[in-house]
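Next, two complexes with chain A in common: one pairs it with chain B, the other with chain C.
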Partner chain A sequence: MTRAFLMRNPSVLWFLLALSLFTLAVTLLSEAGMGVLSTSFVKTLGKTLCLCLVALAMDLIWGYAGILSLGHMAFFALGGYLIGMWLMYARTEEIVVAALSSGPLPATPDEIRQGIATQIFGVVGASDMPAIWAQAHSLPAQLALVLIVPGALAGIFGWLAFRSRVTGVYLSILTQAMTLALALYLFQNDSGLRGNNGLSGLQNIPGLDGVPQETVSLWFFWASALALGLAYVVLSHVVSGKFGSVIRAIRDDEARVRFLGYSVEGYKLFVFTLTAMIAAVAGALYYPQAGIINPAELAPIASIYLAVWVAIGGRGRLYGAVIGAAFVSLLSSWFTGGRAPSVNLGFYTVNWVDWWLVLLGLSFVLVTLYAPKGLSGLIDAAQGLRVPDRKGAALGPDDGALMEQEGRE
Partner chain B sequence: MPRVFAALVAALILLTPLAALAQDAARILGDNRALVERASRTTIGPVIDALAASGDPVVAEVLAAWADKGLGVRKADGAFFLIAPTAAGWDLRGLDGRAAGPTAKADITDLKPNAGVRALIQSALVRFQLTDPDSARRIAALDAIARDGAPEHLAPLRGAIADEPDPVIAARKARLERLLTLRFDPDTATRAAAIAAFGGDTGLDLRAALNPLVATRRVALPKGADVAGNLARDLRPGRDLTEVEAYDLLVSAGLAPARLDAAGLKAALAAHIVDGAVGGVPLAALSDPRERERAYTALETAGTVPTAATDAEVTAAVAAHRFVELYAEPDPAVTSAAAAALDRIALTVGAMQAADLALDALSLASIYFLAAIGLAITFGVMGVINMAHGEFIMMGAYTGYVVQLFVPDYTLSILIALPLAFAVTFGAGVAMERLVIRHLYKRPLETLLATFGISIALQQLAKTIFGTQARPLTAPAWLDGAWVLNDVVSISYIRIAIFVLALIFLAFFLWLMNRTKLGLQVRAVTQNPAMAGSMGINPDRINMLTFGLGSGIAGIAGVAIGLFAQVTSEIGQAYIVQSFMTVVVGGVGNIWGTLAGAVMIGGLQKGIEFLNPSNTLAAQTYMILFIILFIQFRPRGIIALRGRAAGD
Partner chain C sequence: MSSLLEVSGVSVSFDGFRAINNLSFAIGPAELRAVIGPNGAGKTTFMDIVTGKTRPHEGRVLWGDPPVSLLKMTEAQIARAGVGRKFQRPTVFEDQTVDENLTMALKAPRNPFAVLRWRRAQADADRVAALAVEVGLGDQLPRKAGELSHGQKQWLEIGMLLAQEPRLLLVDEPAAGMTLAEREHTTRLLVDLAKTRAVVVVEHDMEFVRRLNCKVTVLHEGSVLAEGSLDHVTKNPAVIDVYLGRG
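The block that comes next holds the complex of A and B.
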């Protein structure tokens, strides 16, 4: 513990430098500056930063603690829903108050609430404000709920799962089932969150009518960059200390850690809950930029994509998760956005909108098989890092243990 | 010549009584011509009765023609004819059916009975239809009565039972007579007896006849007043009905003034704004509900608005009245008998619904079992988690679809599709094992992700090849329809076929694992690959075959599932989570566990759906939550392996 934190973690400095340069460049090039980047592209970049943030959380739980959670995008979407409730409520309140003020009598608070409820829930045939919207009028309360609700859900689920020693693929399937259950629940019209309509109009921030979208998008971009940078520093600190050693040990040989006297379940639960909260914060920053959220965002497949990003970026190292999420999600939106040129093979034209998922799936298989370090392996190669030859053995006996190629950090 | 004469005589002998009787109908009509021409419901009854009672064989035809506007009077002599419109005028036939030639339009007054008269004629006709020699006509008449019975059907129906030659129709007549009796008989004791006579019968027709008898309406009356009518039960405000409902009853009965709702209050206040204030309360203060009440009270005292009930007055008014439910049927004996009969029926129907639910659950369980059995081999026996299992199911379903494109005969195409689907998915499974999974043994999380990559690639490929819309996989005609036990319990033949298929697979799996050399080798490799290898077993080959087998069974399951579900690229996704749940809940590595898991999940899902039938999404949500909790108590599933076989 003699060297300074930044000395021991040179990647933090590099990461912060790269992130601030990127933020500065985007700010200068945006429509508020030189106007090279369109507002929608700034939003895409801001959303990508949020995805990088949730990928960081995924890397902590999977790459470091060895728990392949297929439920973190559910926490992400939950964060989005919780902030979306306030955005939608406050925005609708402005509209309703404006509409009622033209009446002969000033409106009572009850009338305003009723008007908001009718506006929001008319689409699912209801006109009463559900109980879960009780705090939706208050931004601080709803911001607190962004942390509390996913944290509590992850805490309860994790406590139940870890105390009964559900590990490995069983835990993965169980988290996937939890995600599916939550998605199916939200798909119902009487779930109180507008069923499959979801929440919409989230890009209009209440009280900021006078501010143009290009400025708002830049603010959200800055907020996302700040959150990502903060999370990176905090998580680097967490994983570099004793705590990080313990969770890596749990990943590689859980039984031995337990016999050494550590509360394995406690560590797992803490990491699971912490990463769920980080994911929720990322979601709360993501969906105001996306503008709409619906239960399809919770589909189990979203969480699996999250694992794909981290795996392609390189798990077990924080910058790997960020690189993977940024690279794959940007590439994905490039291919599926129809901007990638079709390849004419003479007998068949490869249309990337159709074939991108095939390419992603296969490249994912190839990365798993042949490049378990993912893209970060390139950085290792550039640094000339070599791994000790352990004859192909994994670092530990557990299912989540890294293979020897992944072991260097 | 003598023969011709004899025939003529015989014809005359036969015709004479007919002619005489035919004159009966003509005579009755002729005697009452004025009544018939100006027929009204109140006066024509005796004439129709006389016609019906005359025994004249032409009466049925005459009455039918009359109701159908096919009866006319010749103006010249007042004779009745069966008439049919032609281009020039009327084509006449005598009442006995003999043609009487065409005539001009003006010569005939055609009778146009009104609806009331037609109804009387129809019910008179019922008697003839019920005794018609043609059994199809009798059944049609019974159908009509069953659909739309009326009191006047009762007498002809009773009269038609004794002479009925066909025992089936006789039984129907008797049942219909009981049903009409309990609804329309003037004697209440007879009605109650008819209801009681049905016993535990659960027929829909009986329920349809009984339900109107116990229909109720809600009535409010002052406390202490006598209840006029057949009392069903007392309603207590706050428990049986809300205060709002109770007060609405009072308002609609004119026993209390209307309550002022928020909209009414607002409208009244808005209509009386004077100089920026209402009733002395300034406008700006009116965003407070209490200020609004104050303003309205001020208007009330000034007399500008009608008085309206306040909350306290509403409560007082509700407390001062009694609320009851009255039967529409006035006779207590009938209503109590009907209520008792409905209770009996509800009990029996409940039992049958439980049986139907059990059948449904069993069929859902066999679907899950079928979808999961391949997984039980790859995941349960080999410990390889294959997220592309759902896509193997999809490949099987699409194989069936492609086969049907080439083989139009559905039975034959299914017979071809089953082995072909096995072959295709077996090949795909072997290829996947060779290329990917082999390198990832002992790395289950990586296997999960790699097979997931294959899964999204296969799904997208299917979407690109077959498009996103659902493709039909048609079952052969002999699998159409359902096995109907009664009104409540029925099960479609496809579901029975799937149940049988699931049983076959269970038997096949048990035979394969316990009775064949391959099964022995699979179990050996599963438990200890190194030792198995030293005994001369090639673990690589066994693993490959086992994985191929599990995938092949998924393909066959795909054909079966495709027969009743929509074949889309997402068909596998719909089953993959439930399949994993089935294997995990049942207990990994044990086929009986998989069976138990499938039965539990299927039963649970149907049970929850039964409790909340409108919402299958909620059923799935609660089922998954239940499974998460279940895993808490039996982390290794219903049937857990012990000892070395458990692997750790």
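The block that comes next holds the complex of A and C.
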């Protein structure tokens, strides 16, 4: 990090400072320390950091490049599935080996493999290891697949979509269709990923039997914080340079960018694939903390939530995405966790578990209408920034172009 | 003289309407050319064909020496080959500073990986500063393009074109909305530029064309009606009939 880079991106220092303080505080307050925060709450916070990470990816693709993808939570879930395969395989292998070791003869590798397959796939009535599990025994291979599979899927899908110059709302619908198709496929029992049972027991890390969950949860929390911090620095660097200039230009007026000699399709594909891989990494960190993954995680609604977080936080600036994801997802788990007190109106009791979605929908509409900069607008207001009146004109002719109110910074 | 751009026998129609009809046009590597014609004569469609935005149904568009066909290339590839285009309405990136706008246009590798690794060298900074001074925006570098006046945006776009270092410049009504002094500046700039590269100016304003003092191509209903010096074409009865006669 050079000085000039930090001068151009003062938010990087503030962000890293806040993230380190937060990590330190959570570590001290966790059950491994003072014991104020429960292990499950540490996991919730760790998961929230992963959601912030995927929100960063969403901000890059939507806030900067102007592509409203409604499929990034599919890449997130794919990342979870791919790491989950190794977790489940290795964990089951330990159990199977232990069970077979009591027999009179040492178990052959084939018997062990068969035992694992029966254990994992008995629930969907199968006993053969599907071909897609070929590398599940190897952690490095499965980690590589976390990047390769979502990257390849995004690459192929993006190439087909961008090459045909599908833009705007049609592209959003296409990405949503892709997500839905993937979810429906995974719901099938013979998809090789246990149908609607999904993968479970992911919180038990193979080889760490002696380590209590309170410690494991902290490790994952740190890993999530590290990934988020790293991604923030790298992405700040990407968006503050010429590359950021080009993708913001594509967002506002892609036809003009073509006449400057930049291949708009190439850039879109690059950003789409890169953000899919970031989302997959976030998912691979999220699901070991969640413990379970099933195809419902891929439902299109998850990707819509992602867009809502970024919109509420403030599109087109990285800290906005992080603030939005953290704020809304924590608030959401508070409201839906039954901890929010019900409001008794006399004739009707507002139960937040039922009404939270209504509240969220309403605030999304209000933010879009009256505060397009979202929560980041508060930071701008604190800095007293003002810009000229454009009389409602957007900053470019494209669908994804920044609106006048968003462009004020 | 071998030509830089050679358009021959090009036709294109939209929903049966022939916007360009068997059009042929050639320009040398260092030449200034004005293209005039009434509304609907096909001036903008002609530019769209050369820049790859519109594909003709028949005909050839050859570029450079040895000649390559522009018809199989994308807009971005054509721009990289050296064709720059200035739009009638100033189109700059309003959310970005003058500096960023110019930097993006600077001649440099355009693929995403190269752009990701790109660092501003002193030479780039100097070039951007020099361009900004040339188009009268020397003290406006940190300002957002959206804050500039209409005329300043025109200049910024011209600056971006120069930064691209194109071999052929297509300029659509550069003088629209400019003051007299700005027009003179524009004229000098275009005449200057045409000493080292090809410049095609599409213009309505005859006074401005006269000032350019160059060969003129008159378009009408998608094909070339007359070609030659301004005095020559204005004496042509067909031109008077379709263009000048109607005021």
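The working rule: the second predicted complex is superposed on the first by the 404 of 409 C-alpha atoms of A that agree within 3 Å, B and C clash if a C-alpha of one lies under 4 Å from a C-alpha of the other, contacts with A are read in each partner's own complex, and residues count from 1 in each chain.
To be clear about the criterion, contacts are C-beta pairs under 8 Å (C-beta built on N, C-alpha and C of every residue); 3 or more make two chains touch, one makes a residue touch a chain.
As the structure is a prediction and not an experimental result, all values here were calculated from the model.
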When chain B and chain C are modelled together on chain A, clash or fit | fit
Looking at the overlay, does A:124 come into contact with chain B only (first), chain C only (second), both, or neither?
-> neither
Thinking of the overlay built on chain A, is A:95 touched by chain B (first), by chain C (second), by both, or by neither?
-> neither
Does the superposition put A:132 against chain B (first), chain C (second), both, or neither?
-> neither
Name the contact category of A:68: first (chain B only), second (chain C only), both, or neither.
-> first
May I ask you to decide whether A:331 touches chain B, chain C, both, or neither, giving the answer as first, second, both or neither?
-> neither
Reported in degrees to the nearest 10, the CA-centre angle with chain A in the middle and chain B, chain C at the ends is 100
More residues of chain A are touched by which partner: chain B or chain C?
-> B
Between chain B (first) and chain C (second), which, if any, makes contact with A:184: first, second, both or neither?
-> first
In the superposed model, how near does chain B get to chain C, counting Cα atoms only, in Å?
-> 6
Sort out for me which residues of chain A touch chain C in the complex.
-> 238, 241-243, 245-246, 248-249, 252-253, 255-256, 258-264, 266-267, 270, 387-388, 390, 395-396, 402, 407
Note: in the complex, chain C contacts chain A through residues 51, 53, 74-77, 79-80, 84-85, 87, 91, 93-96, 100, 103-105, 110-112, 115-116, 118, 120, 144, 146-147, 160, 164
Provide the residue numbers of chain B that touch chain A in the complex, in ascending order.
-> 262, 266, 269-270, 273, 278, 283-284, 286-289, 292, 385, 436, 439-440, 442-446, 448-450, 452-461, 463-464, 577, 580-581, 584, 615, 617-618, 620-621, 624-625, 627-629, 631-633, 635
In the complex, go through chain A and note every residue touching chain B.
-> 68, 103-111, 157, 160-161, 163-166, 168-170, 172-174, 176-178, 180-182, 184-185, 187-188, 190, 300-301, 304, 307-308, 311, 354-358, 360-365, 368-369, 372, 394, 399-400, 403
